[in-house]
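Here the structure is laid out as structure tokens; the discussion comes afterwards.
Chain naming follows the written order as A, B and C, and within any one chain the residues start at number 1.
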């Protein structure tokens, strides 16, 4: 048992539950190490970094994307995996076991647990139950820190800094976990401005607006594509999170209100622009944009692999 | 993105979508290499051929057999795996993502994708969406090239040639994907004759008959076990494909019309005969036959492992 | 094909189907080897003991705990895995294949099969169908030998012997597979006494009472916590096996009749007592007890990993 603590420059043995644990220097420290893991992955080098280690992938909620990324990251470092997808169906949970006991069980067999669930707070509860590191792979609308980190890394890798940036985030601002993380991450660095483009009904909640704007980042809400600034460094598009609406029909009212097309890109995009999307995409970026060199969303996914490899390594091996 | 092309003696980086990609010399080239992978598997040698590689097993349709074979083949070469079984349940497909984006996602994490699906054309679509190699593990009734290759390999390994053969294929000729592949594969080599034994209602479609018989292979349709030639090199039995019938009852009309028994074997089988079946079997070969030295169907499965190891290696590593 | 035989000091190539196969010296031989595998796991050593081997995990019944343990054990020794969870959904069984053929299929791809199922006798049937070793990971109420072995190992590791012990087993004595195994295991060693504490309705069946008490172990049935002897070496608690009752309601009548609390421990537990539970727990041990140094149930799970590693190694590699 242990409390979740700030990283403070030392990842060894830490849980990764939320972006709140990271200072700007923690993020820079992490990103400083990513290159060597990228090298391992890109050259198909047999790494023994985590040879002799086993990592549990405990996915209470289906997410083939995040599962695949962590699964690959672990094995590219030489670790073995315990793949548990949809544990409601496959586990002793149906026999009435507590989450804590389930976690302690997998802690008996493995050296770290990656957990994904629908309920906010699950990753923290899991971390509290065991001494081995727990990595949050998304707990409902609450937190998905590795997604936040890979988004920041993608910007950092290309622009070479995380301050003095202008970012446009578009879509379901109200519900998008990744856009919340992006605002939070950018807030750690100086002089960033974020434009939030959405239907009025899907703007940031008042609470979140207040919370985030107190952090030094400049937030500008816009409700029309005409207001997209032409000097932005990043366009960050995200789908309508239809699973967060009461009805499918309600969600469809907003679907594809702001579609990123070649025309929009031609009109407001500058030549150094990075186009990002956490994916999956559901029409919010036209496929015709995929071939544009400014489309970074597939590189962004690949970066997720590198960042997760780096985290596994820093958490499980003393430097 | 790339088009599916002929192998033409160079497997490196190629997709494996259909038997149509293979010339007779491609098949011989492939089979020439199988022995060394058989050696690795049979001696439990730690191979590092694909150490540092990750292979995604994306099974949209359940198939524990084919899954197990590819899963073993990858790991026997030292590769890691991303196992995704029944992705309808576990993936972002439910969030409305396109197949192409799903493929690009797994291409971000892995070095090759093995895909299985119920819909014809899926493997080709997948291959078109990414630059990493895609291997078709069966797409509906359309194609299952590695099954075709392992069937041919099993004959080749035993008879030492693929021409001048007489083969009897029995069962649900109309629907059997593997029998279609077998006819197609044998057509690549000279002077082969295939007897197709089935209920009249399940004979080859006129289209297929026309297509295949134009290829140089001699096709003889027979509808009674009495007509089985006694000089055949191979008997290839296959179950009624009940999932392709409108109703279970409709399928049952044909089930076990031609059962391979010891008696049948005694009557028409010569002493060098090979008995094959792609399995699963559902009564079409009596279990009493299993002990007969002419029963090759379990060796045939093992050969699938060797052939898939060989394909992985030739596709992912430059010779 | 082969019969299930006694271990008789030689694990190589043997199936592990039931505790009946083990003599007391087999158990001691096994336990003698556990330490080196504990060392491998605890130090995250890269073991190549089973490098080049593939192990199938064929789980017809969900059991994330047992799955995770075997999965980790295999990979900690360097083996690869074929993970098949809930094969009803994912396999050719739905096409009508026999268990025997399914087993032969996985035997074509792998070097050992771990099988879990709801039906008694499945593991034996599986073992009869193939020449590769089959390990029973639980077949209904019948047998779960590796659980029995890890329970005995946990006692052995701590008390340094398996004879002259007093053990209290509590809970659903009638249905608990693990308590049956514990009685059976302790019967192999001299001068053991087991107290069975349960509601009268859940006492040992007459048949089992007769069978077990003929084996030299002293069985004392008690029906009140007051009767717990204060000199016991082990308290072995187990949940009500609600899946074995006709109705949920019927099961609830007995749930938590005997809860292990700090108070109970204070009253009847001596200072060297070991508290064990095969887990999952469903309230039968109060969580407040977890911090007590006498709580062994999480160590017990970890021991399962070590014991399974040892079994894999002894079965697959000639000493």
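Criterion: contacts are C-beta pairs under 8 Å (C-beta built on N, C-alpha and C of every residue); 3 or more make two chains touch, one makes a residue touch a chain.
In this text the structure is predicted, and so the values were computed from the model without any measurement.
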| item | value |
| --- | --- |
| Contact graph of the chains (line, ring, star, complete, other) | complete |
| Interface sides of chain B and chain C: same vs different residues, half threshold | different |
| Mean-CA-position distance for chain C and chain B (Å) | 40 |
| Per-residue multi-chain contacts in chain B, two or more chains | 83 |
| Residues on chain B engaged by chain C in the complex (per definition of touch) | 40, 43-47, 59, 62-65, 67-69, 71-72, 75-76, 83, 85-86, 239, 242-243, 279-283, 287, 298, 301-302, 304-305 |
| In the complex, chain A residues that touch chain C | 48, 51-54, 56, 78, 80-84, 87, 89-97, 100-102, 104-106, 108-111 |
